[in-house]
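What follows is a set of structures for review.
In the two assemblies presented below, chain A is common to both, partnered first by chain B and then by chain C.
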Partner chain A sequence: MAAADSPSTALRRRDLCSRGIRLAGKMRADVVDLLDTYVEQQGLDASATVAAMEGVPLAAVERWDEQTGTQRLLENLAAYRAFRTLLAQMLEEQREQLGEADAGLGRALAAVLLQVSAFTYHLEELLGLESRGIPGEEGDGPPPPPRLSLFEQKLRGLGVLRELAQWAVRSARDLRQLAKPSPATGTAPGLAESP
Partner chain B sequence: DSHTQYERVGADVTMKCGSMDWDAAVTWTVNGTDIDESHLNGSYLILKNVGLSQSGQYSCYEGSSWHLKYQTYLRVGTPPKEPVLMCRSNNYPKGFYCSWHLPTPTYIPNTFNISVIHGTKDMVCEKDAVPKNRCHIRYLQLFSTVKYKVTLTVTNALGKNYTALTFDEFAIVKPDPPESVVAKPVPNNPRRLEVSWQNPSSWPDPESFPLKFFLRYRPLILDQWQHVELSDGTSHTITDAYAGKEYIIQVAAKDNDIGTWSDWSVAVHATPWTEEPKHLTTEAQITETTSASTSSFMAPPTTKICDKGAMVGSGAVAVCWTAGLVVAAYSVLFI
Partner chain C sequence: MFSRWNWVACGFYLVLNICSPDASGGLVQSCGHIIPESPVLALGSNFTALCILNESCLDFGNIYANQIIWKIKNRVVPKEQYREINRTVSSVTFNDTSSLATPLTCNILADGQIEQNIYGITVTVGLAPEKPKNLSCIVHQISRFTYVMTCTWNPGRHTFLDTEFRLRYSWPEEVFPDCIPKGVNNSCTVTDIQFFVNTEIWVEAANALGKAESDPLVVDPIDIVKPLSPQNVSVSSGILPTVLKLSWENWISDAVMTLKFNIRYRIIGDTSWMEVPSEDTASPRTSFSVQELRPYTEYAFSIRCMKEDGVGYWSDWSEEKTGITTEDQPSKGPPIWRIIDASHSPACWTVHLMWKALKPFEANGVILQYEVTVRDKSSLSSPLKKYNVTSTNHTLQLPKGTYEVTLIARNSVGASPPSVLLIPESNTKAPVKNLRTLPKHDKLWVGWTAPNSYVLKYVIEWCLVSSSSDCIIEWQIALGDVQGIDLKGIKPFKCYLITVYPLYADGQGSGASVKAYLKQDRPSKGPTVQTKKVGKAEAVLTWNHLTVEEQNGFIRNYTILYKTIDGNETVVTVDPSKTEYTLSSLTSDTLYTVRMMASTDNGSRTGPDFTFTTQKFGKGEIEAIVVPVCLAFLLIVLLGVLFCFNKRDLIKKHIWPIVPDPSKSNIAQWSPQVPAKHNFNSKNQMYPEGSFTDVSVVEIEADDKKSFSEQDLKPFDLLKKEKSTSEGHSSGIGGSSCMSSPRQSVSDSDEGETTQNTSSTVQYSTVVLNGYRDQTPVQVFSRSESTQPLLDSEERSEDHAGGADSAAQRQQYFRQNGGQDENNIDRSCFERAKQITHADEGDLVGFVQLQISGQSSQPLGLGMAKNTQEAALSNILQACTEGQAVRPETVEENPLPVDDMPKSYLPQTVRQGGYMPQ
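Take a look at the complex of A and B:
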């Protein structure tokens, strides 16, 4: 249970949320563009259904509106940490597959990876405003995947980017929920309770 | 016995008079009117190439006793064509609705059956009481990449047809148009119009799911619209309106992040503020006409016909000097 926020904490939270929302919006736009490029360069069918793959955080959530602020931050943090690792893997695979042949795709992937890292930082800062603290990263993130075929790698990459695009929308919504002032205590709704 | 019989338009229909023999003497009626014997083959009624107008109650009576031997309600119609199906979320993130209709009527009763699958999960689309051809679904999950598949089957006595839609959660989000659009002139500002509106009442949570808006406006006399996109707020001041011209204004809404634009709102009309013209006398009107420019816009607001300070003379004979000039000019005309 946390006491009511100090004005500076509330201000810092609001500032982090609004910057995070803008970053999530930019990230989503860039991921959507990257998806188009990726599908084309990898010779995939844009309408292909990709089954949920191990280690790729799914944005889909039930009872989203009932989540506490803490839940939102923790789920977001776990997801973006996983995306950071997955995108780094994709970048590595990209370099192995195509070398310098497609620097454009590599640059776009790297740019999105940077934004994911920046967003992760925002989430860690927001969690830091709570008395809970930030969960450690040891054991976090997806286990190293079994060696996938080239085609499986491409499909996985498609799945990663699609889920990331969904997450970017979800995160903006989550941060808007967090930024709402709570009428009674002055804290953001849900942050005062632990799940 | 009495029952209903459905036949296709253009079909040939043969009706037997219940268990009566072919050579029995019978009389057939349709909606109480005798049918000419030329349509009979023995006791069978033959209707060739039936049309919609031949729908009705057909009765067969035994010749002499006039006992009713058979009765049927013939309904002529067509099997259903492929139905038109539309799904939309105007209340995101609560859920979405699907509505449907047939492109052409069948003239006989139809049954619609809708199924919704999300991945492998069956979902229930609850039918609305009004309108009848609509059902709604509550989202159980949000932010899913798994697509929804909606299949609509229409069946009637003469056949069946179906259509299906596949879409993802974000693609069908389309708010209702903004409500309560109001446009007002701004006092002392001949080129401004203040426009305000409200979020559509069907949008459940504009704070967490904010809408952005698109405003379009034009003077009635022109065809080309001006457009403004607004990322927040529910008001806007137009600052480049043509003075004195009536404007038509509309607003549309879209979720900030996903989906498509709403339809345009109901149009509102407004004219920017103009200064009240002073009350004009006949002489003053002539002065105005002869001295005014040929501009089609309103006269400059500072024009005055008769200042108190321009009065000449006193008491009952006091006239202002401009009026005096006009009278003099008029007098010259009549010399």
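Take a look at the complex of A and C:
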């Protein structure tokens, strides 16, 4: 983080944080709605437990309050880039499975995908304000997931959406942390705040 | 000859070249083509086209570039715009493409002036698109989760070309599909909207002549949202009568945006809305309690929302929902007033109490009843009288006095404050001053100047004045500190009587009244004028006032317009209180047309025309003429009478012929006796003196007058007198009486008429010269029916005999014509006509009998008379009968017994047709 923000930079950061927070909130609301639709459409049990899957970033983190702003942004950026890939894959699988029969679910998935992309853009902008280079995406993204059965695809999709909802909550809190006026450097940990 | 065939061959070849199939595969092998092929040109630019001829046509068709003619839509392009580049190429240049039209053709003028088309192109002229301007976008919420963004822009000028517009939007790392408008070129709707990311939006316009882009609009779609209005709005009444709770649902989640609200409400029936202060609803919520409402009042509510920070658009107002506040006790007492009817008895009043129902915001509920309390202030001991009334009026019979009436309205919650009305025995206080009215649109303002004393309130009474019905009083109460109110419900063109009473703490002032119109019009009809009296130079006009319904306003004046047929119209203005007017200085004996006009402030109306003719003479003029004329006439008559009186002898001489006295005739002298004595006697007995009023008299101046007694001669004296007055009417011959119809004489009691009849048939006699037996024929007067004056011979005879010795002449006359009997007969006829009406009835009967017997007995009475005398007698009688239709009663002889009849000598030689003494 820059030692001293220019007023325009601070304003820009505050605006980006504000939008990011509201976007995260809307993303969480939409994902929660989407989860209901998804569970219903895919014939899954809403209470089904999905084990952690490879390639799906976990929102839970230890010593969250000790993270720096840049660290928060980088973790968020990596996570949402992963979600963008996962959601795009889910959208592709959903179209293959249901075709145009359930356009509503496809539109909802596409909307969430757009929000993830938008949030990624916000994170990149914020990282740019931190005078940090934006890390490039690794190759073509995460390695393609192994070929799964249809049920496994559905479960994985359920897991992705649940984890994205968690990330939406965490990201909003991260951005609130970043939006707080901080005379100190960006390396200083934010105020302790429970997720 | 050869040349002509050569040209024909060339033309034929050219046609074949154009029309025959081409060996290369085309159906038509053209002799040339135009470059560029179907260009799209900018309007106003310059343009050059080339027509290139095929070499093959040059060789065989013998055509060259200098023969090329350019045409625009069959119009030849001026040669100045051509340029022959070489023998096969011709160009044409247009400095302004606006003069171009489609098609542009290249033609050849072959030998023989045959024009053939070589090639043609379509030229499209248009404009490059302008940069779209004024791009703006709005995000509409369609459903709970659906948003669409509609962007509009100004596409710029018309390009005359197919121009494509595209709405493009993108994130820095995400490009979205373009939005292509359908059917329009100035708006497009995007369906996949993502919030919280700044989105760059712009419009591209492109056609064959170019491309243009609008300035980009960078906006987070969440900032341009127009949300759906709150749904499921409900209204519920709270515990307080002034509060209603409004609840609703928001169709946009807080995750997307938080909202603020506007709440508006109005009383049902009102059109104006009130709003809850915006700061009270600036935070997210789903309910709100609206306070300070009126009790028991139905309100309609509506609500709208927008993003809490105020960036974006307000939603539409939600549909209205209504709710009613609960009841509260009435906030004020009903206004009360009274009408006192003392017409039945001065000592006893019929008091009509009336009050106005409280307005809804005053009643605060349903008024269940009114409580009226009457206290007699003049008697402290009299008990209070209470009445529970459900209507808004109550009638009391009260002795004349001072009363205090208290009125309370009661609803289910409680009672209103009391309204008190003091009814004094008499209105002795000061009235308001300077009462006046002023129309204000559809209201009538009534103003007054307050009396000097403090006034609690004023009562304003008004009623519609009508000629056909009673004044139905309406009233209104104004507070004591106002000096004017607006009366509502006043009809235009109607007369209202307005009365203002000041009410004091200790009494009531007398009323001041004024008549007023809200709006005046001209009268609906004009007065009907008519004349009451018409003179020579003046006419009194009269009319009735218009009824109040016909007036339509205050009649300011009447105008009388009158004119003769060909004269100018004269206008007279008359005070409206008058109903009569006298037109003066009119022309006599002239037809006038008059009409009348009633005028208000807003116009006039003329009544029907009325015509009258002035009189020829004025009052008294006729009298002034007639009276002197009559007087003069009377004077002349009087003078004439006097003159005649003075000259009566002369007149008598000329008018009244002197009839010879038969008694002095020779026959009379010759007659041995004069039997007339008896006749005269009988006559005297029969007709008392004075009974002769108008008779024809034969003046007999018998020489043997002395043989009659004085008594016998008295009637003759009378007759003489009578004769002097009736000379002009009688022929002087008794026969005239005989000529009068006896019947007529009997029935006619008017002696004057009898006289007149007699005079109208003045009979004269002709002297028939005939001898009596052997005597010298005497001149006999035969009676004639002629009314002519006496013949000269007669007059001459009279004249000869006239003069002072006229009596002798008369003697001569009678001497010639008859004796005593003739005289008797004559006299009998003469008298019977004249006296019959005067005769006593009994006498008459007896007379008749006597006459009959006399006649029948005449031969007896004249027993010594010869039979020849009978014939003569019958002749005489017949002569009398012929002229008079002799009736028995015409015989005037005194009914003497036959034995007493005097013997007389009757001439017996009077022949038929001769004069027969009657």
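To be clear about the criterion, the second predicted complex is superposed on the first by the 177 of 195 C-alpha atoms of A that agree within 3 Å, B and C clash if a C-alpha of one lies under 4 Å from a C-alpha of the other, contacts with A are read in each partner's own complex, and residues count from 1 in each chain.
Everything below uses one rule, namely that contacts are C-beta pairs under 8 Å (C-beta built on N, C-alpha and C of every residue); 3 or more make two chains touch, one makes a residue touch a chain.
Worth saying up front: this structure is predicted, and the values here are computed from it rather than measured.
When the two structures are aligned on the shared chain, A:177 is found in touch with chain B, with no touch to chain C. When the two complexes are overlaid on their common chain A, residue A:65 makes contact with chain B while staying clear of chain C.
When both complexes are overlaid on chain A, the residue A:25 reaches chain B and chain C alike. Shared-chain residue A:114: touches chain C; no touch with chain B. Residue contacts after overlaying the shared chain place A:12 against neither chain B nor chain C.
Once chain A of one complex is fitted onto chain A of the other, the partner contacts of A:163 are limited to chain B, with no touch recorded for chain C. Once the two complexes are overlaid on the shared chain, A:49 sits against chain B while remaining clear of chain C. Once the two complexes are laid over each other on the shared chain, residue contacts for A:122 go to chain C alone; chain B is not touched.
Put simply, chain A uses residues 25, 28 to touch chain B in one complex and chain C in the other. Contact residues on chain A toward chain C in their complex (touch as defined above): 19-20, 22-23, 25-26, 28-30, 33, 107, 110-111, 114-115, 117-118, 120-122, 124. Residues 145, 171-174, 192, 194-198, 220, 222, 253-257 of chain C touch chain A in their complex.
The touching residues of chain A, counted against chain B in their complex, run 25, 28, 49-50, 58-62, 64-65, 162-163, 166-167, 169-170, 172-173, 176-177, 180. Of all the residues in chain B, the ones that touch chain A in their complex are 93, 140-147, 170, 207-210, 257-258.
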